[in-house]
Amino acid sequence: MLKKQFYNILHSVLVTKFIYGLILINVVALVLETNQELRVDYNSSFEFIEYFSIGIFTMEYLLRIWTADSHNDIKGIFNSKRAGYIFSFYGLVDMIAILPFFLPLIIPFDLRIMRILRLFRLFRILKLGRYSSSFNGIKNVLKETKPQLVITIFIASILLLLSSTLMFYAENEAQPEKFSSISDSLWWAVATLTTVGYGDVYPVTSLGKFLSAFIALIGIGFIALPTGILSSAFIDNLKPMDDSIKRACPHCGKR
Amino acid sequence: MLKKQFYNILHSVLVTKFIYGLILINVVALVLETNQELRVDYNSSFEFIEYFSIGIFTMEYLLRIWTADSHNDIKGIFNSKRAGYIFSFYGLVDMIAILPFFLPLIIPFDLRIMRILRLFRLFRILKLGRYSSSFNGIKNVLKETKPQLVITIFIASILLLLSSTLMFYAENEAQPEKFSSISDSLWWAVATLTTVGYGDVYPVTSLGKFLSAFIALIGIGFIALPTGILSSAFIDNLKPMDDSIKRACPHCGKR
Amino acid sequence: MLKKQFYNILHSVLVTKFIYGLILINVVALVLETNQELRVDYNSSFEFIEYFSIGIFTMEYLLRIWTADSHNDIKGIFNSKRAGYIFSFYGLVDMIAILPFFLPLIIPFDLRIMRILRLFRLFRILKLGRYSSSFNGIKNVLKETKPQLVITIFIASILLLLSSTLMFYAENEAQPEKFSSISDSLWWAVATLTTVGYGDVYPVTSLGKFLSAFIALIGIGFIALPTGILSSAFIDNLKPMDDSIKRACPHCGKR
Amino acid sequence: MLKKQFYNILHSVLVTKFIYGLILINVVALVLETNQELRVDYNSSFEFIEYFSIGIFTMEYLLRIWTADSHNDIKGIFNSKRAGYIFSFYGLVDMIAILPFFLPLIIPFDLRIMRILRLFRLFRILKLGRYSSSFNGIKNVLKETKPQLVITIFIASILLLLSSTLMFYAENEAQPEKFSSISDSLWWAVATLTTVGYGDVYPVTSLGKFLSAFIALIGIGFIALPTGILSSAFIDNLKPMDDSIKRACPHCGKR
């Protein structure tokens, strides 16, 4: 069967590695292309990479749709495995990876939208996710700790709001242009609580400095919270396999 | 019974979500209102949100007092469940959320105090705490590790004092305006130990740089301490429930 | 016996709390005193606190020497519990807390040494350690993880040296005044690896930026290492007490 | 046997400590030598240290090759323990430590290459690794967590790329000289995600600030991930040895 053969070719080690490499080349090209000098000097190379990639990714996308019914992992919707692939996460990623090229050929866009469409090429990087099976460990940990992490985010939001409001009242008079509104002092609050501290905004009044010191110290606890939560989850997730081997059941002696 | 009906309405999913949403709108409005341009342009909208919120929060507060005796969770004081609610944490929060509006109507204040009273609107955010039941996990961990965290804070205080005193003597001559007193160099010490590093104050002498490098390196251990403490507590608190379920022996079914 | 009575007074809750408070007042005074304005305005207050504290601390020191033989915890040396106290850690701390006051009365010093002697007043803060018994948990953890932490420090030293050497060669030409020697670029390396990032020194060349980015990313792992080590040690140290209660011995049934 | 005697001398405590100390002196000299003033003033001292070290390290290298067949730990290749040593990690390190001195005597180099060759003296620090046996604990932990850490690095790369691409489009117009290309905004992304925050590049537009705040907050999770992974691995690696000793039942003596 021709379809089965194409399916096997598409999932062969060679083709997989080739697409994997092409994605990496695309990412590098995308980064280098924004450099004005390089864009002018190597314009034809960038164009070649783009046209070549579009060709390969389009072929890949069409083959994946065609051979979807040979794939066991795909859940069918609307009684169809093909629709199942098209509307799956990686199906959509595969489409978005090529769509920005074909869309302007059908509908004429103005330059503004064209520019945003070019951004979508970035999503090609998400195609890499398909080839990595080890994400699952980290994904499980994040899923398991979701309620605690959500609370942490909620606490962080309240902390950010409270500190930026207080800071606004403390520093507004001394630095009206830097702490002109609470949304402005939110920028300071994020930079302080995350300990980034760019240095573009910082308190100058004594009250502001005292508040800032207090918030920076709390920021350390704020870093400690998600770390503690994730640590405990990783211990849960990475250890059990060892444990089940090591611990003999005290009742029946088997492991 | 009318009271029971009102109690049920107050605790219905719809009313709960409505108040929840209203609090969030209040927080957003509070942030946006401090932006001068927005305050002028959307003055009437901000006023409407404020008056409407005060109306709802006042009604909510009065209803909560009235229906307090239908609530099982409230502990009564002075032989009264109503007094129990009024002096409970969320009872006080509910009052503080509306009081800054009504107080100036009774007693005339000068502008200075009015401004501070406006700050109290911020505490409306604490009303959100009522709707979140998942805080408990994190609260337990913090309560359990309180003695260790207190020691960490104590060690941090000594570190901050020692380093800012030494730094004052090292840098005072070279930068008399930035390290003018120990309380001034405390500001530097906090920015360094928490690794925020705004860049408004930094040592320029060799001795100062050496001290600063030493303190920054200790700062990493200082971040590591609370993280380690919290991690171990989270492991204690989040795991046991799973363990009792999971640890059944797969061979004999016993635990 | 008079000595026993004095011993009991010295270790009574009231006297303990009084000395505890006096130490805190001393620390606050030390910080405030460096503020030029406050020193001029409240000169007599600072002098009163100093003379009063010296009086109390001297009396305390002499009483502790005299009553040392009533104390069970003190290990005697030279066949004497008094010598044991005098040469113990807190005995030396107690002496250093008052010595800088009496020494200039005996030997005349020049101003330079006088200034350093004033610094010794800071060590009064160490007297606080006597009243805290909860340090032990953290002290045990640090002692237990010492070998791993020492290795971390060693790795950090190599990282700092390697990165500052490479950075020196990368940035020396572009910024000869900021990266004038390896010891200068060590200052940059510490600021980057600890993620403090004051912003007084940063790379401007492409190679320097690439190196810096690489080192900053490694810095995260460098923060993660001691945290992970301390976490695991805290779990070891804080849990066992619970464990010993919960876990019945499978052999004899006792806990 | 002469060779055995030399082997024993080479591995004696005295010679080991001497070489250990010489490496440390070399590192300190390397750092100080880059200081222009010191280089001029103490030129002869630096030259003496260099010639003396080269002499010792060359003798050590030759002796190690000669006595390699007396060493049990060395795996032979090409049927030879000597080749096994020469091509082992520390064999190569030992060679690189002296090669930059002898190479220019054989082949004449221009100044540019000479300068890079001088850099190789830095690798003498790696000779220290031979004397530390406690690296193993940390090495095991890193080896064990390699797959998870690799994923973390991969996630970090995607985060860095996504955020710098978005930031490039957000800030390019407002700050064309600082966000001139994606590779330029990568520098910003690293400084933010690692919370270093030098302050040389930061967003000024509202959209840029919003993105930056978002990325800084994610940065905290990004620090938490490797820490959590390493913590759980350390618990696995550092505890078991204690457990088997401690877990004896205090009542019946059995484990």
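For clarity, chains are labelled A, B, C and D in written order, and residue numbers in each chain start from 1.
Convention: a contact is a pair of C-beta atoms (placed from the backbone, for glycine too) under 8 Å apart; a residue touches a chain by one contact, two chains touch by 3 or more.
Model, not experiment: these values are computed from the prediction.
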Maximum centroid distance from chain B, chain identifier (CA atoms): D
Proportion of interface numbers common to chain A and chain D (over half same, under half different): different
Option reproducing the contacts of C-D, where over half of them reappear, out of A-C, A-D or B-D: A-D
Chain B-chain D separation of Cα centroids, rounded to whole Å: 42
Distance from chain C to chain B - Cα centre to Cα centre, in angstrom: 30
Residue numbers of chain A (touch at least two other chains): 186, 191, 195-199, 223, 227-229, 231-233, 235
Residue ranges of chain D in contact with chain B within the complex: 195, 197-199, 227-228, 231
Partner chain D, residues of chain C touching it in the complex: 147-148, 150-152, 154-155, 158, 161-162, 164-166, 168-169, 180-183, 186, 191-192, 195-199, 202, 209, 212-213, 216-217, 219-221, 223-225, 227-229, 231-233, 235-236, 240, 249, 251-252, 254
Complex contacts: residues of chain C adjacent to chain B: 27, 30-32, 34-36, 115, 119, 122, 125, 128, 132, 134-135, 137-138, 141, 149, 156, 186-187, 190-191, 194-200, 222-223, 226-227, 229-235, 238-239, 242
